[in-house]
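What follows is a set of structures to go through.
What follows is chain A paired twice: with chain B in the first complex and chain C in the second.
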Partner chain A sequence: MQDLIDELGHLPGVGPKSAQRIAFHILQSDPVDVRRLVAALTEVIDKVRFCVSCGNVSAEELCRICSDARRDGTVLCVVEESKDVVAIEKTREFRGRYHVLGGAISPIEGVGPDDLRVKELVTRLASGEVTEIILATDPNLEGEATATYLARLLKPMGLRVTRLASGLPVGGDLEYADELTLGRAFEGRRLLDV
Partner chain B sequence: MPAVYRDDAIVLRAQKLGEADRIVTLLTREHGRVRAVAKGVRKTMSRFGARLEPFMLIDVQLYEGRSLDTVNQVETIGAYGLTIAADYARYTAATAMLETAERLTETEREPALQQFLLLAGGLRTLSQKAHEPGLVLDAYLIRSLSVAGWAPSFTDCARCGQAGPHRAFSLAMGGSVCPSCRPPGAAAPHPETLRLLSALLTGDWPSADASEARRRREASGLVAAYLQWHVERRVRSLRWVERDGDRPSINVPANVPVNVPVKVAKIDVAAIERAQAAVAPTLDDPEPF
Partner chain C sequence: MHVTHVSLADFRSYESAELPLEPGVTALVGPNGQGKTNLVEAIGYVASHSSHRVSSDAPLVRAGTQRAVVRVAIQRDERKAMVELEIVPGGSNRARINRSPVTRARDALGMLRTVLFAPEDLAIVKGDPDGRRRFMDDLLVLRAPRFAGTRSDYEKVLRQRNALLKAAGKARRAGRKPDLSTLDVWNTHLSTVGADLLFGRLYLVRALTPLVAAAYEQVSLGQGTATLTYRSTLGEDIGGPVADVPTQYDVPNREILRERMLKAMEEQRTAELDRGTSLVGPHRDELLLTLGGLPAKGYASHGESWSFALALRLSSYELLRGDGDESAEPVLILDDVFAELDASRRERLAELVSGAEQVLVTAAVAEDVPKALTGGRVDVTKGSVTRVR
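Take a look at the complex of A and B:
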């Protein structure tokens, strides 16, 4: 029992108290449910790997998005993590393909450009199919610096390099926005075409 | 009742904590280096998430805690992050400055006013783009080491005080050394390099800006070695600092059409600066170098 509590305690956001609660919940659950959980965990370990092309999590060699011929191969969206792909897919706004970097440049944490999948990105561009790169790294300092680095690397290749807009969250009040976000919203304002 | 205090601070580091929180390391004006929890700042609706990014100079209110304090309110004094992150060379130089400041303020809550002022001035200078980022970094490193008690000598002998300039330079002895004090294995940098280092220490920017690239390279090598010698632990970000004339470190495959030389990214910095100027308060702007 203690082994289970210790293992659960390693999960993100799970402290010792929560780990104990989950462990006792598992103990009292229907064995069928627990076996299903075990099977799901085993399957994740055995079957899920990373797409050889974009670096996204995938069950096959090529992920669902990279192998889908209906996706627009001329636009590539560069993100930090696989979970960012999930977030963008939910919007149903983007029909191109992705490239997962595996993090952001953060020298203070010892992460430089060589530790990310930048080389793989540049290699992917060799075919000449891609014409636009959308830099969708996080709108924080590391994400901005990574976008700056990539823009400098990719622009000389004659590509259209764009960055996701920053600004006001939908459904919020303008007066509650912080001055930096509001400043960025002004900077990225667009013409209303009515 | 927990104690509440307010101080000016520079955000040195922000680490993820749990689902949406961050632990921020702050170098404050009066309370030295402080680590604090900022709750919910990773959510897009967070009111002060943007103000708690590294390089920000802020006016912050904190609740005192047992090991970590808690951030309660934040106002921006200097938003240096955006301008710095829009230029990769500046970003790498500024990151090395933050890491050095963290290393040189080893004990938490021990006031380090000089280090605070120096870092604020350094970041401001970097964001103003008046000088080459590598020079600003080296000037900051030498001066912060001096404030920490390891002031190097670039003219007189560091051991016996004999008037210089001298040819030899010894890390262990603290700078230039005369022929009789010179230990075996001391470096012999070019006299111009020592003049550049001296200019950076004293803030003689016209001389520093006019220096040659190879002297700058030699000077930054000496400064980095001097820093590592004294702080003992490795300053990780120094490895990634992009110096004048460096190229991106990725080897582009031969079949990729790249028109070298690689140019600096054309992000609209002027627009960012205009946006910043609109919100820049005049509370307590630090003096640039």
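Take a look at the complex of A and C:
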């Protein structure tokens, strides 16, 4: 029982008290429901992996968005996490493809460019198909710093580098912006001057 | 402006407290340790989102509870407003204005303005540069609340940049190649926010300097000249002496300050890597207080230091009072200061503040409150608050 509580406690947003509550809830649940949860977890680790191209979670080697020929291959939207892809897809404003960095630059947490999927991004751009990069990192300090870093790195490659328009709640996470605000931020994206 | 009502819940020693207030003078009287300072600290917190006694918020929350609530009703001309702050140590504070929540607590800054005198003020004159920087930044935020964002952004960027320098220094000492690929990015961000903070401070010091000189003259009855000088790590030419010709003194614009800061970081790069920390910028600047040409710190007597401390607060009051219309006048709070002063400084301070729209005074015994400040009286004993006059 303690093992279960400890494991649950490692989940984001779950403190020791909630972990205990969830553990006892599981204990009292119908075993059929619990087995379904176990099956879902097993399937996730067995079948879901990261897209070799964009780094988004995917069931296949190449995710649905990367393999969808109707998507605009000339525009690439760079985000921190897979959950940001979900948030942006909901707005239906964006028809290009994505690149998931896997975080943001933060020396305090020991995260530098080498710890993010930056090399993969540069490799992806080598083919020349992409002409515009939209930097959609979070509107907080680490997200802004990551955007500045990437803009300076990519500028010499002659790409159009844009940043989501302000109006997003500053200091926040992209995923918490509502669909309308996020949609408008896409329309009003501006060229980054670095 | 003045405060018409204060409500506390789980703030310091108070499980709950209600205190109606009026314009003019109110003395809060009671033996030590009864909760007088706690009350005025709460009012000051609403104005500045920080305590004049402690740097962390944890002690503000009543022992055994998780959050404190301070609600203040404010009268500004004919307008009434209610500001409520929920203090959550280790989390984000929440604020409401007229019962509606605001996005960030700091959006409620500027609703109430206070100038608080306390025994701790002596440390601004005698203590470390950090206390003088805090004095400037607190006043800057009271005057222009948007600087609360600048100040907090600056601290965040600084922490990131310092972490980078520290890691790079460590790698270098271990014989590995330091990763400095993002240093330029942090330099950009630090210099942008740093220039804004510096710009705000320079403007502030320029406006404050003549007021400090005048206030010191009043408090000390013409004994010497008090001057402020802003010493910038970006160079001596920035923030030079401003007392002589205050009108001709020019504050460089933000763009110039930003470039100077970038240049200074460039020049200090090796030293910064060696030390593993950021060596230039507003966090290393100093506000020099001089008395008759000599630094107040180390030279001024105890009495002179007190006069200087009082002059800093009195000039803050004058500065805030001069912002816009009459309703900009801040509430004056004098926490236990009269007990610290000799008879003549007491009388002069009392005279100088007696005309203010609202003055809240705390004292252990009623005799500590000078005659010039006779007004309402509230007794504070064991956390119960009773108006007796």
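Here, the second predicted complex is superposed on the first by the 167 of 194 C-alpha atoms of A that agree within 3 Å, B and C clash if a C-alpha of one lies under 4 Å from a C-alpha of the other, contacts with A are read in each partner's own complex, and residues count from 1 in each chain.
Operating definition for what follows: a residue touches a chain if its C-beta (ideal position, glycine included) is under 8 Å from a C-beta of that chain, and two chains touch if they have at least 3 such contacts.
What you see is a predicted model; the values in this text were computed from it and never measured.
Novice: Looking at A:180 after the superposition, I want to know if it touches chain B, chain C, both of them or none. Which is it: first, second, both, neither?
Specialist: In the superposition, A:180 touches chain B alone.
Novice: First (chain B), second (chain C), both or neither: which does A:24 touch?
Specialist: A:24 contacts neither chain B nor chain C.
Novice: Taking the superposition on A as described, I'd like to know which of chain B and chain C A:112 touches: first, second, both or neither.
Specialist: A:112 contacts both chain B and chain C.
Novice: Counting residues of chain A in contact, which comes out ahead: chain B or chain C?
Specialist: Touching more of chain A: B.
Novice: Which parts of chain A are in contact with chain B and also with chain C?
Specialist: 105-108, 110, 112-114, 141, 144-145, 148-149, 152, 169
Novice: Mind listing the chain B positions that touch chain A in their complex?
Specialist: On the chain B side, the touching residues are 13-14, 18-19, 44-45, 47-51, 53-55, 76, 79, 81-82, 85-88, 91-92, 95-96, 98-99, 236-237, 239-241, 248-253, 255-260, 262-268, 271-272, 274-276, 278-279.
Novice: Quick one: in the complex, what on chain A touches chain B?
Specialist: For chain A paired with chain B, touching residues are 12-13, 105-110, 112-114, 118-119, 122-123, 125-126, 128, 140-141, 144-145, 148-149, 151-153, 155-158, 163, 169, 172, 176, 178-184, 186-187.
Novice: Spell out the part of chain C that touches chain A in their complex, as residue ranges.
Specialist: Residue list for chain C touching chain A: 103-104, 153, 156-157, 159-161, 163-164, 167, 179, 181-182, 184-186, 188-189.
Novice: Going by the contact rule at the top, pick out the chain A residues touching chain C in the complex.
Specialist: 105-108, 110, 112-114, 141-142, 144-145, 148-149, 152, 169, 171, 194
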